[in-house]
Each structure stands twice: as structure tokens, then as C-alpha cells.
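Take this structure first; my questions come after.
Labels run A, B, C, D, E, F, G and H following the written order; every chain starts at residue 1.
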Amino acid sequence: MKKERVFIDPFKDLGYAKVDLHREKRKGFPEVIFCEGKTETQIAGIARKIYRYNKSVLCTRVSPQLARALRARYPHGTYHKDARIFHIGRIPKGAGRVCVLSGGTADIPVAEEAAWTAEIMGSTVERMYDVGVAGIHRLLAFRKDIEKARVLIVVAGMDGVLASVVGGLFSKPIIAVPTSIGYGLSLKGITPLLTMLNSCAPGVAVVNIDNGFGAGYIAAIINRL
Amino acid sequence: MKKERVFIDPFKDLGYAKVDLHREKRKGFPEVIFCEGKTETQIAGIARKIYRYNKSVLCTRVSPQLARALRARYPHGTYHKDARIFHIGRIPKGAGRVCVLSGGTADIPVAEEAAWTAEIMGSTVERMYDVGVAGIHRLLAFRKDIEKARVLIVVAGMDGVLASVVGGLFSKPIIAVPTSIGYGLSLKGITPLLTMLNSCAPGVAVVNIDNGFGAGYIAAIINRL
Amino acid sequence: MKKERVFIDPFKDLGYAKVDLHREKRKGFPEVIFCEGKTETQIAGIARKIYRYNKSVLCTRVSPQLARALRARYPHGTYHKDARIFHIGRIPKGAGRVCVLSGGTADIPVAEEAAWTAEIMGSTVERMYDVGVAGIHRLLAFRKDIEKARVLIVVAGMDGVLASVVGGLFSKPIIAVPTSIGYGLSLKGITPLLTMLNSCAPGVAVVNIDNGFGAGYIAAIINRL
Amino acid sequence: MKKERVFIDPFKDLGYAKVDLHREKRKGFPEVIFCEGKTETQIAGIARKIYRYNKSVLCTRVSPQLARALRARYPHGTYHKDARIFHIGRIPKGAGRVCVLSGGTADIPVAEEAAWTAEIMGSTVERMYDVGVAGIHRLLAFRKDIEKARVLIVVAGMDGVLASVVGGLFSKPIIAVPTSIGYGLSLKGITPLLTMLNSCAPGVAVVNIDNGFGAGYIAAIINRL
Amino acid sequence: MKKERVFIDPFKDLGYAKVDLHREKRKGFPEVIFCEGKTETQIAGIARKIYRYNKSVLCTRVSPQLARALRARYPHGTYHKDARIFHIGRIPKGAGRVCVLSGGTADIPVAEEAAWTAEIMGSTVERMYDVGVAGIHRLLAFRKDIEKARVLIVVAGMDGVLASVVGGLFSKPIIAVPTSIGYGLSLKGITPLLTMLNSCAPGVAVVNIDNGFGAGYIAAIINRL
Amino acid sequence: MKKERVFIDPFKDLGYAKVDLHREKRKGFPEVIFCEGKTETQIAGIARKIYRYNKSVLCTRVSPQLARALRARYPHGTYHKDARIFHIGRIPKGAGRVCVLSGGTADIPVAEEAAWTAEIMGSTVERMYDVGVAGIHRLLAFRKDIEKARVLIVVAGMDGVLASVVGGLFSKPIIAVPTSIGYGLSLKGITPLLTMLNSCAPGVAVVNIDNGFGAGYIAAIINRL
Amino acid sequence: MKKERVFIDPFKDLGYAKVDLHREKRKGFPEVIFCEGKTETQIAGIARKIYRYNKSVLCTRVSPQLARALRARYPHGTYHKDARIFHIGRIPKGAGRVCVLSGGTADIPVAEEAAWTAEIMGSTVERMYDVGVAGIHRLLAFRKDIEKARVLIVVAGMDGVLASVVGGLFSKPIIAVPTSIGYGLSLKGITPLLTMLNSCAPGVAVVNIDNGFGAGYIAAIINRL
Amino acid sequence: MKKERVFIDPFKDLGYAKVDLHREKRKGFPEVIFCEGKTETQIAGIARKIYRYNKSVLCTRVSPQLARALRARYPHGTYHKDARIFHIGRIPKGAGRVCVLSGGTADIPVAEEAAWTAEIMGSTVERMYDVGVAGIHRLLAFRKDIEKARVLIVVAGMDGVLASVVGGLFSKPIIAVPTSIGYGLSLKGITPLLTMLNSCAPGVAVVNIDNGFGAGYIAAIINRL
């Protein structure tokens, strides 16, 4: 019985980490390593265990320096620099299409984290950057392309209004990602987060500030349904 | 061409409201009336227009008094009291299954708003209330039932931890709804919202505090994919 | 010399108020009575002094009960109920056109306060309510009318995105008024205020939450330039 | 018809940016490049497109290093160091007078950003710095000069009271800019922002913290009316 | 030896209160009863003990209903209705002059609490209400009167700028009291509090929102020096 | 094996509640009913199940009206009015002594909730109310009594300093409870909470605002060790 | 008499510090040196006094550089690098068992501070790191080990839900420590703090963000009871 | 007439600053230069003007580097390094005694700023550092010394409780200065500020976080009365 197995199956105890080897069984995707706040040694140790069992490792928030260290150990791994993602392993076939929209140019790193996460989890990804409402015709020009996607990810900082506008135009589920881009009262992403949570257009749900990974992840699992 | 039609098609201008008659075409569901802050006369006027074109009206945040007034005009309408929803029209056939979980008993009104919204939009809904982590075996006892759903809605106030725990156990997309239930530092729902947005388990996206409608809506459109 | 006169000219000291009889000379409009937090006796006393000198009194935040009391004293005064404004005196000729847009129906009381303030100060006012971005074609349908105005006032609660969208489309100065309409994380107007202050589109300046009067006032003085 | 043209006219898609070539047509001024958070390559790419179409480029938040790089490409461009503005192109003739007041010496960079933006957009600008209320006679001494302006910009940090005092003395529209100057409870500009939004004197509207550009922009378009 | 005595001297234990009978010895004034949150029985019990030992009782935040109950027991007590103060006992001779200024009419209840507290503690009090900066000549007209005081109390809500302006003009210590008067972003007094704490003019110290009593108290003990 | 049993043992599903019948086994005390936000019918239903299995029911936040309804069903139950607690069942023998201190008289309801919770869970409780630092000799006078307790509970609103002072004087674990008593910047209990969490004296841990129950509970389980 | 002695006994006045030599007598443990914000000279001076009287010094928040300087003076001292603790002196015998749990790997420095503080104060400590709810079976696997402890310390950042889950499973007192680990809306530890304070499971009390020392301290004194 | 003179007397306009030469006449002390945010050139220019007219210059927030530059120009100036104050000119004779108390060692820089400001303005200053309530006998030991002062300044970070305790023991006016010392929920000084503003003991007024200068200034002008 599945339930029992979860409780009796192993995980790997490294002292500083208890690597969850059943994550893929429960969640459909192996444990992902969030690298900020962990030492290089810890990351390497965790990656080794996950790689042994799952043949696939996804590391996020990877600095260029850390990427070099990981590349030395896993030469077949790929570093997506803009996205700060290091990935080892095969990418499954496209399960559906996700469209990632960004309000501005400075939001691209977060948008790329979302895009690569969704791709690595099997989605086909369309990128559409700098379509904020200061020039709304840029968004309207891509309506047909956007409607081809099954899930939309909207990444925006400052006023965060792109999510509401997209929500008013399209019938697909929208995952909104506020970014910490801005100054003064953008409050390091709190303002676009609040805007997105108050969207007058329905069909919008929100993830943490700068959490491109989280948006790509939920978009991918929606896409797999 | 679809795009053109959106811009040339009419909406109905009532002065106090411009009823969006193209909402269903764009979003797949007619305009929904959020009743708080509107007068009974305004609500009746808007409902009349929507009903004429769409034969289906969904009103949220409906007080018992307002429900009586609406019932007088639309005797075939139904008032879901716990959910504070008044609905007129046919419900489409079930498009898939949504499971609505609540942390406690006091969260039920918000959970019911989510459940009824999803049902009215065509989902089959399973309700699982009062399964908070103070007694986690209650949640674990329902694992098989929960895994039958395509989308999970988690409604919780106070510490809001149910979303993270559900996120750790299931592979389905989770829409989390913080509620304003609690006292002191639950900060009228801000605390469970923050908890949910910081969920260590991936696959969770969040809507506004007490926004059962928004959760039911996005769950239903995910379900339709 | 003008400067001297300001300092030597009288004001009227009522003990509980020092009625500023030079306000019109300095600011171009007599002192306005903000009625919340003042007793009926105090309001009547202040109004009497202003009326004697300026033959024109503008009272804001006037409850229906207070309006009845004022009407008893000034039968030629007018109560604009939606706007909660009581006005005594002649209205100067139209100095230019202001367009007042609201995101939703529930924002109308604040929008009306702005509209009547601008009218009483001499502007011609065009009202355009419920043109929020959940159905952006409603806004686009009125583009030509909006472009006739010299100043735009945008009144919105919840996500407050209407100001950014209007800012992206029009070249006129925009005064944005956040409203306390909403629930949960609209934070009684703080969220739309933050959105408006972070507008990616330039040309937007903001007044206090629910401050329809302030928006109408500055729009009117811009209009007079 | 103007409306149609906006939707059919081009913008330039650079991948990382969709340069809005219709901005001048809609807003009366070309797209402005906010440089923080963009790479030098991105800024250069965007500037090239704008310059080709509009023969005029305004870059804000330009560091000295970035200015050197821009100067290398556009030797006829000018760097206003205090204002952190780089400008290429002709400045239109003065459309009216703006007076920029600052509370203190440390507010000058933001004030200069406002002043140069207004100048580049065609206004004649009068600067009046360090006239805060700790020595209110400094402000009163310049009353006649201030009254010559059509629009006033008030830049202040710390307690931000200058806007209210100016609002009490002059009949012109006032655009208030809070600055992040200060320490402790000035809360990086939130305190002067709150003060300005609560100004007891009417005629004041507010832009984001440190947003000298936004203040100069709206002052200039008011001035053009 | 004084120190010892404090620790051995009695206080009266009523169970719900331990009435501090040494307060006058240590602080120069008997314990004051803050009535909000206490029952009538508790207040009466505490008042009885203080009166027996000190022949003087000061009660603050006294509702009209509570005042009637206290008057029934202490017919020689006085209720200062605006100030919500009930006082029993003799008032010492004037120790010096305090000037209480208020920004507006609605601030008067707090200003009166400050004024009566200072009077009851022996100061001569000058009241100067509604002298806010929307009409700064009202303040300047009273400069000579204000300079006669040894301590100034400035009571203001909304933007709270009166404290800074007074601080720029006078050399006396200033106790600033923010009030909860206002709406929207006055944040129930937090905004004037922040303004006052950031006063660019030195010589200003601040007490809690609406704490007229605290301001009157410290002004009176400064006056006694 | 204990672990297994938790997962297979029953709970009672009432639809609106899943009554946790294993709570006592896991936590050493049966499920407690927090009554705010639940209907009388729900409370009665939950109480019936708990009573059947545990012969002991503790209800918190019980209004006088609800108490009457519970008394009608459980005549042998006791209502502790100040504490807003209704209790049915036997109280175990004293496991050790807890001392509950309050800063002021208005904190007594929260202090009583803590005191009765600890008593019902088997502790001997000493109450010491109104010993705030405005008259610190009151606290010092009871030092010997306080030192007899094994655990101290400190209940305080406003500035919340009592916890730090008690923490500086005694070697016992201190559970601090901030209360929402106060006005202005006491921020409904946030200020004493912050003070308590920053206590310079070690040995202090904190529970939610007004959470007398939580403090009594943890004090009682510490006492049982 | 003990009370007297506290007041007459000496402390050592170094000008920049008044070293509390009676701390051990009152609190059962000598004064602890919190090193952040103090100069090396000050720390050395304070340590010398404490060491002379108590033969035991505990320094927290010790940087590697400071540790080297302390080691030079006290070669028999030990630096626990992860915990940032420097300790000189004997460790008393184990008074009972504390279990320190952490949600993730990045929480280890705070967890180690708690663990070493408890050990140095005489507790036996069991460490159980990275048992967060993203893989709840890791926690459940250690249930028997955890139940051997008398006190539990739960250290967690991000969503902080581990405290609630542990609170639902165990009957021991739980001291929860929020950490500043996380990004975006974890708000540098405020979010896990709020989650922990709102724990639906009773038996949880909370200390300041990153305050591993405070948690270890109170756990140790509970353990000694 | 004094009033006139204020308005006609000169100030010195340097473009970047309008040096207030009448400050001493109005406020009893020349303009003070707050150096943060000003360039060395600006500071030197302002100092030169003040020195020429007043023969006395007080600069605050002076870094060691800036101090060297000032010393080069004014060899007879003195740099108080701990206080970050540079002073040129004679110090008037002692006008009365101020006692500056600090809660801890790390608060000393702010305390020294207060102490030196008061000294330079003519007060005799007694310093009493590290007398926080973790060891309250340290404070009680100095009661007689403290009672000799006319004004008390209390400087404290973290929980900020020293102000309340001092307020409970002494009858003198207390100026409380919160410091940004602390971590986690001390919120960079906001927590001690809130504590101080809510002091249950009367006689306490508060200045901005880390504003030692402001506390010393008002203490000195109280002392001169």
C-alpha cells in the first residue's frame, strides 16, 4: 500500500541534511536544491545523493562561482546563467505549453528561473518579455500567441499591474510572480505582490517574491494534468 | 477575427456600472458580482443585464437580507448560505475533481465559497474540513481520497501551516486561501498568507485573504484544461 | 505689498477654530470645512464666518443628518449625497474639462467627491465609472472622450491598476485616488496607493486614500492655469 | 483613426525589451530608459532604437561609469551628474516655469533629477534649495519668485513638512517628492511620503520616494497645457 | 535613608490592584487612574485608597457615564468633559506657563487633556487652538504670546507638521502629541507621530498618540524645575 | 507500538469538525475548544464527543451567553467568568506551582485565562496582579513568594516591560503573554510582544497576544516534567 | 536575607560596562557576553571580570577573528564555530535531555547556538537537522528519539511550520526559534515568527529571530527543574 | 520689533544651502550641521559661514575621515570620536546637571552624542552606562547620583525597558533615545522606540532612533529654563 511505503522507505541522513529520496514518488519530481545559505560542501553532498537515486538534479540560486564547482563534478550538467539554475539529467518531453510574460527587462532573471524550471519539468515554454502596460499595445500584439499556452506565468515588479491586465484578457490559469525590482515604495517586491493578490480579474494565484522556481513548478504540474 | 470582436462588441453602460457582456467570451465565465460595497439597486441592475445575456449569474458576499431580495426577483435562484453565494442558472457537468481542505471549523465559510464556486463552474467537489496539523493523523487518514482530486484547495487561518504540509504530501497543484480567522498576531489573515507564500514544499500558489471565490475559480479553470 | 497684507489681515478666532479669511486670497479658494471630527455647533460657527466673507462655503464628509441641519440654516445650499458634499454659493464658469474615471461601482462615492469638488471650483466634469481592467475594452471604448479632458482623475480600490493603464494610454496629467474599497490585502486602500505610486507609466501623481476632495481640488487648479 | 494606429503600429522587439516606438505619439514624449537593473548592453540596445526613431533619448539613474560608456557612443549627449541623467537630443523651448524647492542640501540629487527632467521636456526651471522649515524665513524671503512659477515641485526627506507649508502659502499645483534622506524613523522616505499625503493644505499630489523624474515629468506636462 | 524607605513602605493590595501610595514621594505626584479597561468598581476602589492618603485623585479617559458615578461619590470633584478628566482635590499654585497649541479643531479633546493635566499639576496654561500651517499667519500672529511660555505642547493629527514649524520658530522645549484624527494614511496617528519624531527643527520630544495626559505631565514637571 | 496506533486510531468526523480523540494520548491533555468563530451548535457537538471519551472538556473564549447554554447541558460544569473559561470534569492534583503576574488591572482577564488553564491542568497557581514597574517596589515586595514557583507567567500590555524586569530577577522559566490592552502605539499588543521578544534578560519565551490559554498550557506541561 | 544581599553586593564598574557579578546568584548562570556591537577591548575587559569571579565565560555571536583573539588570552577556551560560541570553563553534568530540531540545512548555525548553549548549561543535547515538512516522513521516523527528550527546541525559517507540526505530535514543552533564513516574504524571520506564535497546536513558546542562545538557555533551565 | 527682524534679517545663500544666520537669535543656539548625506565641500562651506557669524560650530555624524579634514581647517576644533561630534568654539558655563544612562555597552556611541551635545550647550553631564534591567541593582546603586540631575536621558536598544524603569523611580523629566542596537525583532530601533512611547510610568518623552543629538539638545534647553 502506497501510504505505508512512504513511512518505511529510506531517506539519506547526512547530518546537515536528510535527503528526501521519496520526493519523486510523492511529488512527481525529485528534491530540488535551493543553494542560498548552504555551503558548497553541503550542496555537493546533497547533489550526490539525489543524483545517485534520481539521475536528475535541479539546483536553484546558483552563483557563477558555485556553477563552476558543480560543472567540475558534473561536466554534463548545464548552467542557465540568467536563471541561476544548474541542471543535471534528461529533460522529459513537452507536456504542454507555458507562456512566461515579464513586465520589464529587469524582471528577466526571475522570468528565466520560471521558464527553465518549467522546461526542465517537461513543459514547452514561450518567453514574452517587456510587455508592461506602459505600452499595452505590445501585449495586445501577442494575444494569439499567448492564447496557445495552457498556463500563463506573469513576472512583474514595481506596480505589478501586468497580472491584472493579463487576467482581464485571457481565460487560462495565471501564476503571478512579484519581483523585487524597483525602488522606494515598491518595497522590494511587496507592492507588486499586493497588487497581484488583489487582482480584480479572477484566475490569478501568486507565489513568493522572486520565486520564479515556484511559478515554473506549479505551472509544470498544472500542465501535466 | 477574435481580437477585433472584443474591441467592437458592446458592454452595457448603466452609469454606475459598465456590465461586461464579453466576459464569458474572453474568460470562459460571465462577469461575477462581488456584492460588498454595492447597493441592492445596483446589484439588481447588474444582475438583470448579465442574466439577460448569459442566463447565469453568480453573486458573492451575499448577506441573508440581500439573498431574500434576490430570491424575490429570481425564485429559481439558490442561496448557499454558508458560502454567502447566490446563483441563478444551470451548472455545467463536472469537469474534474477538486478537493477543498480546511484547517479548522471556523474556516468553513471561506471553504464553502471556494467549493460552491468550483461546483458552479463545473467541478466535482470533495470537502474535507478540520484536518489541521494539531491532529495530523486526521489528514493522513484521507490520503487516498485526496489523491483522487486533480486540484487541491487548502483553506486555513491562524498559522496557515496546512498548505505546507499538504504540499509536502501530494503532487497536485495546490491553491492556498488564508482566512482572517484568528486573533492577535494572526493579523486578520496576514500571518497565514505569509506562511503559505513561504511554503517550503513546492506546488503551492496563493490568493487573497478570505478569497474563497478566487480559489474556486482558478481551481475550476485548471480543472477544465 | 502682498506679503505684508497676509500677516496683518485678520482671521476670525472662535476659540475652537481660527477661521482663515485670507485663504481665498492666498490659495484662490476659501477655507473648506472637513466635517468629520467636528461637532455640528463648530461646523455651523465656522460656516457662518466663511459665508459672511466669501459668500461661498464648501463642506466635505457631510452625513445626511448634518446635511439636514445645514439645509435648515442655508436653504439655498445643495447637498450632493453620493459625494457627501454640502455647498453654498455660486459656481464659477467652466475653466476646462476634467475626466473622472473609476475602476468599479463601489468607488463612486469617492469619485463623486472628486467630481463635485472640481465642478464647484469651475471645471467641466465628465464621469466614466466602472472601467476597470477586468474588462479593458470598456476603457478603450472611451478613448476619444477621455482625450478631450485636460486633466484625468483615476479613482480605484483593490489592485488600483487603472491608474497605470490610463497612464500608459494618455498624455494628460493624472491624479490618482486610491480608495479603501476591497477586503483582505487591499489593506483599506494601502495596496492601490502603493500600486499608483509605483506606476510604470509616467504622468501620475497620487493623493491620500479616499481623498476625492484633494484630487478634485488639484485638478481644478491645474485646469485654471 | 488614432486609436487603430496605436494597435497596428510597430514596436521594436529586442528579446530582452520591446521598445515602444509609439510612446511619443501617445504620451507626447519618447520612452525613457530607467537604467537601474539593466545591463549596459541592454541600455545601449534600447537607446539605439529610441534614438533612431525619436532623435532624443532620456536615461535616468545613470551611474558615472555608465555615463562614460554612453558618452563614448553619443559624444553629443550630456551627463547631468547630480541628477544622474544622460540626455541626447534637442531641448524644446520653455513652455512655462517650474520652481523646484528642496528642504535640505542632501535632497539636491533628487531635486536635480526633477529639475533636469522638466527642463529637458521644455519647462523653464527655478531652483530653490535648502529652504526647510527649521528656518522658515528662508522660504518666505522667496515668495515673489515662487509665485512666478506655474507648478511647484517640493522635494524633502526626514519630516517632509515643506510640502504642507508651501501648500498653505501658494495657489499653484504642488508635486511633492519624498526622499530617502534621513535616518531611524524617516524609514527611507516613508515618513515624508506619509506627511505629504496627509497635507492639511490642499493642492498637493505625491510621487514615489526619490522619484524626481516622475515629478519633473508631470510638472512638465501640466506646464504644457 | 530615602532608598530604604521606598522598599519597606506599604502599598495597598486590593487584589485587582496594588495601589502605589509612595508614588507622590517618588514622582512628586500621586498615582493617576487611567480608566479605560477598568470596571467602575475597580476605579472606585482605587480612587478611595488614593484619596485617603493623598487627598487628590486624577482620573483620565473618563466617560460621561463614569463621571456621573464618580460625582455621586465625590460631589466636590470636577469633570472636565472635553478633556475626559475627573479631578478631586486642590490645585497647587501656578509654577510657570505652558502653551498648548493644536493644529485643528478636532484635536481639541487631546489638547484639553494636556492642558488640564498641566493645570492640575500647577502650571498656568494658555490655549491656542486651530493654528495649523494651512494658514500659517494664524500661528505667526501669536508669536509674542507663545514666547511667554516656558514649555510648549503641540497637538496635531493628519500630517503633524505643526511641531516642526513651531520647533523652527521658538527656543523653548516642545512636547509633541500626535492625535489619531484623520483618515486613510494618517494611520490613526502613526503619520503625525513619525513626522514629529523626524522634526528637522531640534528641541522636540514626542509622547504616545492621543497621550495628552503624558504631555501635560512632563510639561508640568519641566515647569517645576 | 505507539506510533502505529496514532495513525490507525479513530477520530470522530462531524463534517464541520473532526474531533481528535487521540489528543490526550499524544499531548497528555484532551482537545480544547476555542469557541470564537464557532456556532453554539458546533461547540455543543464537539463538546459532546470529547466529553464522552475524555470525561473532561475545556472551552476557552466563552461569552456569558454561551456559558449559559453550556451550563444548561452540563450543570456540573463551571464558568470562570473573568477567564472566559468553561470547564467540565475533575481537576488533577497539583503538579507544582505557577505564579501568574500582571502588569496592570486591565490585564486580569488574560491573566485569569492563564491561571485557570494551569489550574485545570493540575498546577497550583499564585496570582500577583498590578505589579508593573511604575511602582517596582510592589514587585520586589513579593520576591520570596515568586521564588517558590517553578514557572512564572508574566502578563502585560502597553510597554510590556514587566517580563524583562522579572527576567532580570528570577532564575525560573518565564512565559510572557502580551495583551492588547493600551492605546495608540501599543498597537493592540504588538508593542509588548516586541518588548518581550527582545528581553535583555534571558529565560523568557513568548506566546501570542492575549493567549492566556497558551501560556497556562505550556506552564502546566513544564510543571509536570 | 537573600533580597538584601542582592542590593548590597558589588558589581564591577568598567565605565563602558557594569559587570554583573551577582548574575549567577540570581539567575543560576553567570552574565553572558553578547559580542555584536562591542569592541574587542570591551569584550576582553568584561570577560576578564566574569572569569575571575565565576571561572566560566560564555560569549555568543563570536566571529572567527574575535575567536582567535580570545583563544590567545584563554588557550583552554573552546570555539564552536558553527554556533559562533566561545566558552571558557567546565560544563556541568547533564541535567536532562533536549532535542534540537531544524527545518533545513541553512538553519544549522542558529540550531547549533541553541544546542551548545543548552550543553554548556548542563543539558544532554540530541540534534536532528533538516526534518522540515516538505518530507514529513523524516520527522516521523525519529518519533521515538524525540520523545526521549524533556524539552524540544524547533529552529526553522521560511514558513516556520515545523513548530506547529511538532506541537501536534509531542507532549513536551517546545521552544520555537524563527530564523532569518529565506527570501522575499520570509521577511528576515518575521514570517516564521508569526507562524510559530499562531501555532494551532498548544505547548509552543517563541524567542526572538535567530536567538538560538535564548532558546538553549530557557530549555536548560526548564531541564533543571 | 522682534518678529519683523526675523523676516528681514539675512541668511547666506550658497546655492546648495541657505545658511540660517538667525538660528541663534530664534533658537538660542546656532545652526548645527548634520553631516550624513552632505559632501565634504558642502560641509566646509556651511561651517565657514556659521563660524564667521557665531564663532561656534557643532557638526554631528562626523566620520573619522571627515574629522581629519575639518581638523585641517580648524586646528582648534575638537573631535569627540565616540560621539562622532566635531566642535569648534567655547563651551558656555554649566547651566545644570544632566544624567545620561545607557542600557548597555553597545549604546555608548548614541549616549555620547547626547552627552557631548548637552555639554557643548552648557550642561554638566554625568554618564552612567550599562545599567540595564538584566541587573537592576546596578541602577538602584546609583539612585542618589541620578537624583542630583535636573534632566535624565535614557539611551537603550533591544527591549528599551530602561526608560520605563527609570520613569517609575525618579521625578525628573526623562528624554528617552531608542537605539538601533539589537537584532531580529528589535527592528533597528523600532521596538525600543515603541516601548518607550508606551511607558506606563509618566514623565517620559521620546526622540528619533539613534538621535543622541536631539536628546542632548532638548535636555540642555530644559536645563537652561
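As a convention for this text, a contact is a pair of C-beta atoms (placed from the backbone, for glycine too) under 8 Å apart; a residue touches a chain by one contact, two chains touch by 3 or more.
Note that the structure is a prediction, hence the values are computed from the model and not measured.
> What chains do chain A and chain G have as common neighbours?
Shared contacts of chain A and chain G: B.
> By mean C-alpha coordinates, which chain is most distant from chain D?
For chain D, the chain whose C-alpha mean is farthest off is F.
> Tell me, please, which chain's centre (mean of its C-alpha atoms) is farthest from the centre of chain A?
Looking at centroid distances, E is the chain farthest away.
> Between chain C and chain H, what is the gap in Å from one C-alpha centre to the other?
Roughly 43 Å, centre to centre.
> Which integer distance in Å separates the CA centroid of chain F from that of chain G?
About 25 Å separates the centre of chain F from that of chain G.
> Rounded to the nearest whole Å, what is the centre-to-centre distance of chain C and chain G, using the mean of the C-alpha atoms as each centre?
The separation of the two C-alpha centroids amounts to 57 Å.
> Specify, in ascending order, the residues of chain G that touch 2 or more different other chains.
In chain G, residues 134-135, 140, 168-169, 184-186, 190, 193, 197-198, 201, 208 touch at least two other chains, as defined above.
> Which chain pairs here would you call touching?
Touching chain pairs, listed by label, come out as A-B, A-C, A-D, A-G, B-C, B-F, B-G, C-D, C-E, D-E, D-H, E-F, E-H, F-G, F-H, G-H.
> Mind listing the chain E positions that touch chain D in their complex?
103-104, 132-136, 158-161, 164-165, 167-169, 182, 184-187, 190-192, 194-201
> Could you please specify the touching residues of chain H with respect to chain D in the complex?
Touch residues, chain H against chain D: 6-7, 9, 11, 15-18, 20, 22-23, 26, 31, 36-38, 42, 46, 178, 180, 188-190, 193, 208-211.
> Can you name the residues of chain H that touch chain G in the complex?
By the definition above, chain H touches chain G via 105-106, 108, 129-131, 134-135, 137-138, 140-141, 181, 183-186.
> Going by the contact rule set out above, which residues of chain G touch chain F in the complex?
That would be residues 3, 26-29, 32, 96, 140, 143-144, 150-151, 168-175, 193, 197-198, 201-208, 213-215, 217-218, 221-222, 225 of chain G.
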